[in-house]
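Once you've had a glance at the structure underneath, I'll fire off some questions.
Labels run A, B and C following the written order; every chain starts at residue 1.
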Amino acid sequence: MLNNNSQIEEEINSRSGPRESRKPRGRLLPFLYLLPSALLLFVFMIVPIGYTFYLSFFNWNLIAPTKEFVGLQNYINVFTDPTNQKVILNTLVYIILLVALNFILPYFISLIVNFFIGKMKGPYKILFFIPSLFSLVVGAMLFSWILNPVSGPLALFLRDFGLKVPQWTNSGAMAIVVICLITNWKVFGYNFILLLTGLGAVPKNILDAAALDGIPKWRVIWNIVLPLNKGVAIYVLILTIVEGLQYVFTPINVITQGGPYYGSSNLLYHTYLNAFVLYKTGNASALATVTFVIFLILLFVEIKFVEGRKQNAD
Amino acid sequence: MLTEKRNLGWHVLLILIILAIMLPVLFMISNSFKTLQESYHSILQLIPAKPTLTNYVTLNKQINLFRMVANTFLMAMIVTLGKVLTGLLAAYAFQNFHFKGKRVVYFIFVATIFVPFTTVMIPNYLVIAKMNLLNNVIGVALPQMCDATGIMLFVKAMEKIPTSLVESAKIDGIPNRKIFMNLIVPLLKPNIISVGAIFFINSWNEYVWPTLVLKDKNSFTLPLALQNYISSEGGTNFPLAMALAVIMIVPPLLIYMVFQKYILNSISSSGLK
Amino acid sequence: MTTTGYSIELEQMSKSYSKKTQVINKMNLSVVPGEFLVLLGPSGCGKSTTLRIIAGLEAPTGGKVLIDGKDSAQLSSTQRSIAMVFQDYALYPNMTVYQNLEYALRVHKVPKQIRQQRLAKILASLNLTNYKDRFPAQLSGGQKQRVALGRGMAKKSKIFLLDEPLSNIDVQLREKARDEIQRLHAENGQTIIYVTHDQQEAMALGDRIAVINDGKIQMIDTPANLYHNPANLFVAQFVGTPQINVFKVNYFNHQLIEENGTVVANLANYQAAGLVEDTDYLLGIRPENVAVSLKAANTDFPAEVESVVDYGRYQQVTLRAFDRLELKAVVSDWPVGTTRNVYVKLSRENLLLFDDQTHERLDANPEARFVLKGGQRRKVEA
């Protein structure tokens, strides 16, 4: 043992010089661990963002060997073309509906579960979350069955009262509402759990103190709980918009394909349509870049509120 | 007494929500065991009068069900293993090493969560096409083998491991890869299970990117197959589609039943900064 | 097999995390092979950081660490030959007791037979043989602490670092654990550096104790010297319970005069070189050197009894002199039912004077010691 050790020691000692130069691998080691993810993110995230930006200055059909440089024309189209304008407007409607259904509603319910009921929090969490496990294709199928104007259960139920289910796929506005309801079915439980966790972190003694002072519960929630939970709430709000706009893609494609007349399309679906159905790659790239910029702005809002809060807390 | 009465009202509301969420799923399961006729006539009957497997048999005749389940499973498995592995390695680099620009690199990694799918889909499609991976589940999986959400969750989990453990091992001259394999990975087992389960379920249900890559019916995953059974013009054979949907929801439900606690904990921690 | 420890030297070692906060300030320290050195200080004084730098967990921002005479920065962890026990024990939760002890040896490819022999001996000596297949979560605090100790022993390293290893176990078990550590040191002859904030632990264990505050070594010496000849006010106040009495006095005409004008000690018969006439000093006197008597004869000044705490073996008396000065005295034969009024005598041999400004003990100057003229002096190292 001893011999062995001293041999190794001598061997290592004979190599001199500062530590860094002796162990070059030591400094590269963290990058070795980072390599797989960095490589994947670089090839399938960073480079594509750049390439999409590059494509947005060309007219191309995804297949032709040559691309025609058109400058800012695609960007001008994004804001002047009537279809694009309609789609941008739809996107705003989507955002408003998504925020109402997938953020405000679960927030309200999580407040009730956290502050107004004593037990059963666990079972509600477990059950609310179940639809999050299912594909949006399943959700789209279920809703088109329930809301089928001729043979759907809702139509049959309403018939007894002399009412009818409208042909909602014929109206852009109604289709948007249904599509948002489908994502609501899936996302509700997920957002509910995120918000409930945030509320659970609000110190109980603050609420007890307010209760002793005889302050009504809803006022305490409004004046103390909501401000304290702002960080988590804004995180969920932005997640709702960013992921919601991507989630609605599935029911749009399954049920309406953006119709009628782009009435239920949004920025993301329209990008897909331009790229892979209409083969207007340049238009699609410009739309994708605009979407990217909007999401980037949302990211900075998130950092400002959520990450800033974290630093303050430290 | 008063507060209890109030509570009851809230419980009624919450139970109504659960019914609204769950009834469609229960009807779906029930209808998948009804014939087309029965599903029309007894639409609001939860228990089928004459349960039948007709829809499942028909489904199996019309499409290669086994192959589609296999495709979906293979794709979800590759994606899950890829995300977990790259995520663990990257999280270890961020958590256990100090290097210049670490914060910036971590920020860029996390920021990729906010990149909309449409911004990368065209170039990724072109790359996958060039690699001859269209109509191949590997083409679906490859661009998705790294997910910053996973890195973030693993970093959070590693933060909870006392630093003294790693330091103790370092003083004892244990090399980094052994610390990773023999200490970090075993200690993160619950997190690996829950994050892996979430990744698997999400990938199993994935629709958008697969529709671009998989055009040949033989390469379809289950969500694409189900979409084929839904007609936007009406005339969908719902019991048939529901049978396929039931097949689709079973694996995620099973995973959830087994790992429910882990999964919900992971999701909770993803929201807390 | 007994191993001899390595020497450890810190040369002008500094550590700072930002430009503003200097955690350790040009520290010099020399630990001889086989020594048991205790780093003692309040929390946040830099003692743990010092230990972590010696362990190689952190790099100093200035100066050098020499291990066995070689620059530590150039050495691999094997060459440093260091084992360390952490405050929270840092036991690997996914490994059994035996696997915890064995892990480093296995990674370094120590033959299985040697491993088994060595570990069997360690487990037996720490009374852990019956627990070797348990996981850390199934152990009590004291058992965990012994496993941590055993894991450090298993390496047979030349240096053993212990970072507050006893702070997380019950008080009753601490004395036993201390004995274990001392036995371990006697058997293996490793160089041990032991960090603690508990002065009693430090006094019980250390060959020498380095008292650290504000990132500097205030004094490094044997426990007895630390107690009797503190280098400065901080050491005097940090070491010893109840705390040393300290109050301001003026030296005038061979007398120490309290601020209200009362003479508290007449030094006419004592050597008192180094004291400057009409200068303010801080006078320190340990409670056991404050004698209390009921008669005025041969005492220094009167005082009132505020409270008495009887510890059985001794009594701790809180006195108040001149209506404002609080003094603590430790006596062993306190008469029951004593009146409030008593007389105090300060033991001349044990008076400590500190500079009013720098708080240094008067140059720790042997001349400043109040010894009866012609008496013996203790040598003070600083």
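To be clear about the criterion, a contact is a pair of C-beta atoms (placed from the backbone, for glycine too) under 8 Å apart; a residue touches a chain by one contact, two chains touch by 3 or more.
Model, not experiment: these values are computed from the prediction.
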item	value
More contacts between chains, A-B or B-C	A-B
Reference subunit A; chain at largest CA-centroid distance	C
Gap in Å, rounded to a whole number, between the CA centres of subunit C and subunit B	58
Between subunit B and subunit A, distance of the C-alpha-averaged centres to the nearest whole Å	15
Shared interface positions of subunit B, touching two or more other chains	none
For subunit C, residues contacting two or more additional chains	76, 78
Subunit B-facing residues of subunit A, complex	27, 29-31, 33-34, 36-38, 40-41, 43-49, 51-52, 55, 62, 109, 112-113, 116-118, 120, 124-131, 133-138, 140-146, 148, 150-151, 153, 156-157, 169, 185, 188-190, 193-195, 197-198, 201, 231-232, 235-236, 242, 245-246, 249-250, 253-257, 267-268, 271-272, 275-276, 281, 284-285, 287-289, 291-292, 295-296, 298-299, 302, 306-307, 309-310
Subunit B to subunit C touching residues, read off their complex	162, 164-165, 167-175, 178, 182-183, 186-187
Subunit B residues touching subunit A - in the complex, by the definition given at the top	6-7, 10-11, 13-14, 17-18, 21-22, 24-25, 27-28, 40, 43-44, 82, 85-87, 89-90, 92-94, 96-97, 99, 105, 109, 111-112, 114-127, 142-146, 148, 151, 176, 180, 201, 204-208, 211-212, 222-223, 226-227, 229-230, 232, 234, 236, 238, 241-242, 245, 248-249, 252-253, 255-256, 260, 264, 267-273
Contact footprint of subunit B on subunit C as seen in their complex	55-57, 76-78, 82-84, 86-90, 92-94, 103-104, 107-108, 155
